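Both complexes shown next keep subunit A, but they swap its partner, so subunit B is in the first and subunit C is in the second.
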Partner chain A sequence: MVLPSFSNPGAGPADAVVAASPTAPLDAFLDNQPQTFYESIYRSEAACLCILRLLPPVCRQIVLHVLWSHQTLKSADLKAFCGMDERLAPDAAEEVIRPARDRHIFLSLNHKGNKFQWPLSDTFKRGLRNALTGLGTSNSFGAPYARGPRDEVPTAEALTDYGEDTWESILKYMVSSGLTNGYRGGRPRNSVLLLLYQSGLMADPYDRSGHNPKLEALTITSKGFQFLLEDRQTQLWQILMYYLAGKQARGENAADILSLFFSLGCMQLGQDYSASESFPHMENVLDDLEQYGFVYRTEMGRERGQFFPTHLSTTLCSGESGASRSQSADDKRFLILETNYKIYAYTSNDLEIAILNLFVNIRIRYPNLVVGRLDRRHVKAAMDKGIAAGQIISYLNSHAHPQMYNHPPPILHPSVTDQLHLWDKERNRLGAQESVMFEFFSRELFDETRDEAERNAGLHLALPAKKLLFVDPNVREAIKDFIKDKQVQLRGGI
Partner chain B sequence: MSYHDPYQVKASNGTLITCDSAAKQILIHLDAQRDGPQKFIIRDVDDTHVLIKSIYVDMVRTSLQEELEKNTYDQDPAL
Partner chain C sequence: MAPQPPAPVAQSRPWPAASPPALLIAIIDLHPLAWSLLSSLAPGPEPVHTHADKEKEKAPISPISLEEFVTILMVFLNAHLASRWGNEVVVYGATAGKAALLYPPPTEAGPSRPNPNIYRPFQLLDSQFEARLKAAVAEEEQRLEAAGGSGLNDPPSLVSALTKALCYINRRRPPEAAASSLTADTNGTQTSNPEALESRILVLNATPGGAEDAAADSGKTAKASGGSGGQRGYVGLMNCVFAAQKAFHGDRKLAWTWPPGSQQLCSDGQKIPIDVLTLPPESTKTAPPIFLQQAAYLTKGIYWRWNGRGGLLQYLHSIYLPPASLRLHPFTLPPQDAVDFRAVCFCHHDVVDVGFVCSVCLSIFCEAKPLCKMCGTRFPVKALATLKQLVANVEPIPVPATVPPPRLTKPKPPAAAANGGAGGSSASASASAPGHAPVASGNGEPEVIVID
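Moving on, here comes the complex of A and B:
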C-alpha cells in the first residue's frame, strides 16, 4: 500500500509558486535579458532605484557601500565585509552579490595583478547617483503637470477607489465567467480581454481552432483560477509582464516600456503628471494601463496629457509586499476556519465572496458575514477547474482572521489541510504515461539496456526482479537499435 | 529466432499506470468484468503499476472515478 505523504505539504510545486516573492514574474523576465537591455533601462533613474529596491538587503547594502567610492569592489573587501573566510575563492564570494550580478549592476569578475574585483556598471552608477541626488534630466520620476487654478484634483482616496474598482471589476469578470449564472455587468475593454486570452488566463471553450476566439464568450482557465488566488502585487506584475511580452512580440522596445512601469512605481499618489513630458512617445501605453486602473485621467486631462497614477502603480516597487497591499492588512484577514470545515468570512467584498464561492458551499449571507462550509463536492468541483489543494490552503492561510493566530500554530488545523490534500490526491489517483514495455530473459542484456535508457533520459521504470523495462516512446527506436547491436554481440560470444 | 534464445526481447506499447494498490485492485476488477478485445490490461506489472492499452486511458479514469464515488459518503446537507 502506498500512502500519500503529508510530512512536508509545503514542498508541493503549487505552494512553491505561491510562496515566491510578489515580483517573481518580473524577476523571471529580467533574468532572461542581455546586458544591452540593462544598459538601456539603467538610463532611467527610476529603474535604477526600483531595481535596487528589489535586491536582497545585504546586496543592497553592498551596492550602496561602493556607490560613492572611487574604488571598485574587491573580493578581499567583500569577504572582510561579510565576515567570510579570506582564503575563499572569489567565485564563492560572488554568491553574496549574485542577485546584483544577475541584474548587471556589477560586471563580471576581473583581476588586476592578484586582486579580483567587480566593477560597477557605469550607467547604473550614474543613474542611481542621480536618483539619490535629484540630478539627471531624463524626467524618469515624472514631470508634474502644470495645473491651472480651477482644475479639479481627485483625492488620494478617490484614486485608490478608482484603481481598486477597475482592477477588481476585471477579476470579478474573470471569476463570474466560470459560473453559469454569474454577474455579467462591467465587461472589461476588448484589449484587456485580448490580453487575458493571449496570456492563457481565459479561453473560448467553443473555439476549436484556437485562432479566432469570441471575446464575449471567454471563460476562465485553470491558469486563470490560479491567478485569482495570487496576492495582489503578484497579479499586477504578472499582467504587466504579459502586456510587455505582447508588446515585445509586436516589435516594440521592451526596455522603454519597463522603464515606464518603474517610473510609475516611483510616482506619488495624488500628484498629477504630464504624459508628454514624462513619457514622450509612450502615451499609447498609458492608454492601455488606464484600462487596468494603473492610471486615472479626467476627460479634460486626457486631451491635455495630464494623468494621475493610482495606488496600483505607486506601490509596484515598494519592495515591501505587505505595504503594497491595496487593502490594509486587517481588511484582508477575514476568514475563520473551524475544524468542522465551517468557514466564517467577515467581508462584504463581492470579489472575495466570488472567490470563496469557487470552493466553499456558501450557506448564509449577511451584510458583513458569509458562512459556508468546505465540503467535498465544492472542493472537488474547484479542483476539476484546476485549483490545487496547496492554492486553497495558501489562500485560506493568507486570509486567516487575527483570531486564528491565538491558537498554537499551524494556523489552519491539520485535519482540514490533510483532508484537502486527500481530496486532491483522490482526483489524480492514476498517473499515466505512454510507455513501451520490454521483457527480457537475459539479466545481462536487461542491465545494459537499462543503463542505456538512463543515459537517453527515457527510463520510466525498471523492475530487475521481473526483468521488465519501461521506456519513453521517443527513445523506442534508439533502444531497439541498441538491443539489436547487443544481441549480435552477445550471441556472437557464445 | 528460436523460443529458447536467451537474448530474446519482447516489446509492447501501452500506457504505464502508476497508482496506489487499492486503485490497482479496482482496475483489475473492472478489467475482469470485460471480455475479449474490451479488456484493457496488457500486463499487471507490480503492486503499484499496470500497463494498459493507450486508447482506454480516459475510459479507465472515468470508470475508476465512478467506482470511487460509489464508496464515498457525504454528510447529509440537512444536518
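Moving on, here comes the complex of A and C:
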C-alpha cells in the first residue's frame, strides 16, 4: 500500500520535515521549564528580544500590541483583533497565543467580573520595553572591551573562517570516524568528545559496559548521522542544548547559561566584548564555547577577558532566515538535482563531500565539482545507518542551488522525492503484529463475528474465502464470549 | 454564557507559521509650520457629555512636539526591527520643498562604541537617524533664513519623498528575480525564494488640510486644500499611487506558501501599501488630507487620524506594526474613515465636486471649456450649454462617515485603550453608529461628466 504521491503541497511528509524550525531543540528545552526559570531569564533584555523573535509571527504581533498598553489583553480584544468568532470560548481563543503562554509571556487566563484576560508577565514586559528603549542596566547586549589602540582586531571574514573551520573540524571528525581509512585532521578536545558521547551522537563500539568509553575510539551512531544532515542552525542549538543539559545535571543554573547564549546571539560580528563585564562569573562557559568555534580569543585576550563572537554565535537567534542570510549562505547552495537522479555538487568542501558520500554514489570528482547519482543501493545503505528519507530530502532542499529556486515550486522534482520515500518504505514493508486467529465453519457466524470485531476496533484481517479471522489479542476474550453466545443462539434456533 | 448550538470553529485557515522579512519606509513630515501648530495644540472645547465618568477616563488633548514624536517613532521603528530578523527600516524626511534620506546614511558612518544595553541595530538606527534629522532641520532653518522666510508656505514635499521611497523599493528587488522574470516561464512571479522583502510605506503627515468650515458646509464651492502635497502635488501623488499599485513586491512568498484558497490575497500582496498617519487632530478644525487618504485607500494601506489625546505609541504599535501579509489574515484592519474621492482640477488646483474631463487626455477641469488646456483638443461649442445644464442637476453626494472594515461584522476600536488612557479613536467613535450614514453610489465618488 503506497500513497500515490508524497509531495502534494502542504500535507506531504516532505514538507513537514522542511517546516521544522531550526530552534526545535531549544523549544523542546524551553517547553519543560518552570515559571521561575522564565522569571530569571527575562531579566536579560537580550533574552526577551530573542524569545520574542522565536514566537510565530501572529503571536509576536499580539505581544507587541499589548506591550505598551496599560490594560491587560482581554479575550474580547484578542478575538476582535484576530477576526475570530465572538462566541468562541476563551480557551479556544487562547490557542492563538499558546506559544506565548508556553513561554510564560502571558500568564494564565483569569477573569475579573465577566471579562477574561491574560496578564503580561511583568518581568518580560519590563525586559522587552527596556530592550526597545535601551533603558536596561543588565549589560545583556554585551559590554564592549576597552582595547588599546595597538591591539590587533580580526576582520569579520577571519572570524567567520575561524568559526567555520572549528565547527567543521568537529563534524569532519564525526563523519570520518565511521570510515575505515581514518581521519587525517586533528582530533577535537576531550571535552567536546565527551559531550558528543554523552549526547549519543558518538559511541564506543568496544565498550560493552557503557561506562568508561575510550574517547579516541568513538564512532558515529545513527543519531550522529541524522545530526550531520541537519542544517547548521539546528546542529548548533542541538549541541548547545546538550551542553546545557550537561551543565544542569551538574547543578549549575541553566537560566544564566541560556541568557548568555541569547546575549551572544544579539552581538555584533567583528566587535570585541569584555567577558567579565558582560558575563560575570561565566568565563568557564566561554572557555567551553570557544572549543566549538562560537567565540574567538587571542592569547592575550584570554588573559584579559576579551573575546570576539563568531558568526556561529551572532546568527544563533536569527530564526528561520538565519541560515540563508549568513555570510556563508551562498557556499551552502551548491546542489543541482536532475529528474534522472543525477546530482551535481559545486563544492570542494571535504565535509560536504563526505556527507554526500553517505547517500550518493559519487562517480566523478573535479576540483570544484562532484557528480554522482542517487541510487537504490547507496540510499538504502544510508537508511540502514538510521537516516530517514525526509532528512535526505531536507538536506537536498536546503542545499539547492539558487538556479533551482528560480523555478516554480517544489524545489525538488516530485519523482525524486517520491522515489526516496518508496525506498524508505521498502525497508519496513513487513510489519509484525500479534494476532489471534479464529477459524470458522459457518459463513453466518463468520460474518457476525467479523462485524462484532469491527465494532470493538480489534479486527486485523478477515479472509472470507477461507473463513479466517485475525483479531487483536486484547479483544480475544470478548470475541470468544461472543462466539459462544452466538453458537448457543444458533443451535437453539434450530 | 448560553450554549450556542453550532460551535464556532476556532479558525478556518491555519495561522501563518512564518512571514517574509519586511521593509518599512517611514516618511516623516518636517514642515516647520505644521509642527509649530502641533506643539501648540489648544485643549479642545469641553465636549458636551452626559456620561461624566466615561469622560474622566479620556486624556485631555495635549500638544506634541517634534522631539516627543521622534522619540515615539524611534521606539516604533525599533519594534519593527525587533519583530523579525531581517526587517529593515528606511526613513525619509520631507521639509518644505525638499525631501531627504535620513536613515540609513549613504556611507557607513564610523561605528560608535556599542552600548551594552541596546541591541546594536537599534543603536545604529537611533543615533544615525537623530544625527541626520538634526542636520536636516538645521539646513532647513538656514535655508529659510537665507530666503527671508519666503519658502515657508511651500507644502512639504511628500510626493518627492514618496517617489524616492518607491525608487528605493525598486532598487531593493533582488537582481535574480528581475532577471528571471525576463527569461523564465510565463508566470515568472512565482519563484520560490521565501526571503523576498515585503515592503510598505508609512507616511507620517503633520500638515493639516484646509480649514474645515470652508469645505464642510458648502458642497458646491468647496475650496478645501488638498492636504499635504498641496493641490499642485496631486498629479505626482496619484502617479506614485499607481506605481505602488502596480509594483510587484514581496508577493512571491504569498504566492506559494499560503493555502490554495488564498489566491485573492496573493494579488493583494502585489501592492505596496501606503499607510498614512495624520497628526493634526480634528479639534484643530482642519480638513483631513484627502489625497493621502485616497492614496491609502487605493493601495490598501491604513489611514488613521490622531485624536490629539496622546497614546501615539500604542496606536502606532497596534495599527501600523503588523506587516501587510498578516493584515487581512489573521488580523483585521481597523475601520477606516470615509474616503473623500474628489479630485483636483488641473486649471486652478481646486478640489472639485463636479469636474469636466477631457475625453482625449483625461485632464480634469472645474468648468466646461471649448478647448482642452492640456492637449489642445477642440470641443463643439454647442455641447457646453448642455453640459452646464447637466451640472445644475447634479446633487452633491453625501460622504459616508465610515467605510466598513473588510471582514469585521461589528466594528471594534483598533486598540485597547492606550497609553495615557486615550479612549476610542476618531475612527471608532464614528464607527459606533454603523448604518446611519446613507451610502450613495458605492463609495461616494464624485460624478464626472466627460466632455464629448
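We take it that the second predicted complex is superposed on the first by the 370 of 494 C-alpha atoms of A that agree within 3 Å, B and C clash if a C-alpha of one lies under 4 Å from a C-alpha of the other, contacts with A are read in each partner's own complex, and residues count from 1 in each chain.
Following the convention adopted for this analysis, a contact is a pair of C-beta atoms (placed from the backbone, for glycine too) under 8 Å apart; a residue touches a chain by one contact, two chains touch by 3 or more.
If you're wondering where the values come from, they're calculated on a predicted model, not measured in any experiment.
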### Message
In the overlaid three-chain picture, which partner chain does A:L445 touch, first (subunit B) or second (subunit C), both, or neither?
### Response
first
#### Entry: Comparison of subunit B and subunit C by subunit A residues contacted
C
### Touching partner for A:S435 - first (subunit B), second (subunit C), both, neither
first
### Query
Regarding the shared-chain residue A:L468, is it in contact with subunit B (first), subunit C (second), both, or neither?
first
### Task
In the overlay, answer first, second, both or neither for which of subunit B and subunit C A:N406 touches.
second
### Message
Just to be sure I read the superposition right, which of the two partners does A:R491 touch: subunit B = first, subunit C = second, or both, or neither?
### Response
first
### Message
For a test of understanding, state which residues of subunit A touch subunit C in their complex under the given definition.
### Response
9-10, 19, 45-46, 49, 52-53, 56-58, 60-61, 64-71, 73-74, 77, 80-88, 92-93, 95-96, 130-144, 266-268, 271, 277-278, 317-322, 324-325, 402, 405-411
### Interface residues, subunit B side, partner subunit A - complex
5-23, 42-43, 45-49, 51, 54, 57, 60-61, 64, 68, 72, 74-75
### Query
Touching subunit B in the complex: which residues of subunit A?
1-3, 375-377, 426, 429-442, 445, 460-461, 463, 466, 468, 470, 473, 476, 480, 483, 486-487, 490-491
### Task
Spell out the part of subunit C that touches subunit A in their complex, as residue ranges.
4, 8-11, 15-19, 21, 75, 78-79, 82-86, 111, 113-120, 122-123, 126, 176, 180, 184-185, 187, 190-193, 195, 256, 259-260, 313-314, 317-318, 321-323, 326, 329-332, 407-408, 410, 412, 415-419, 421
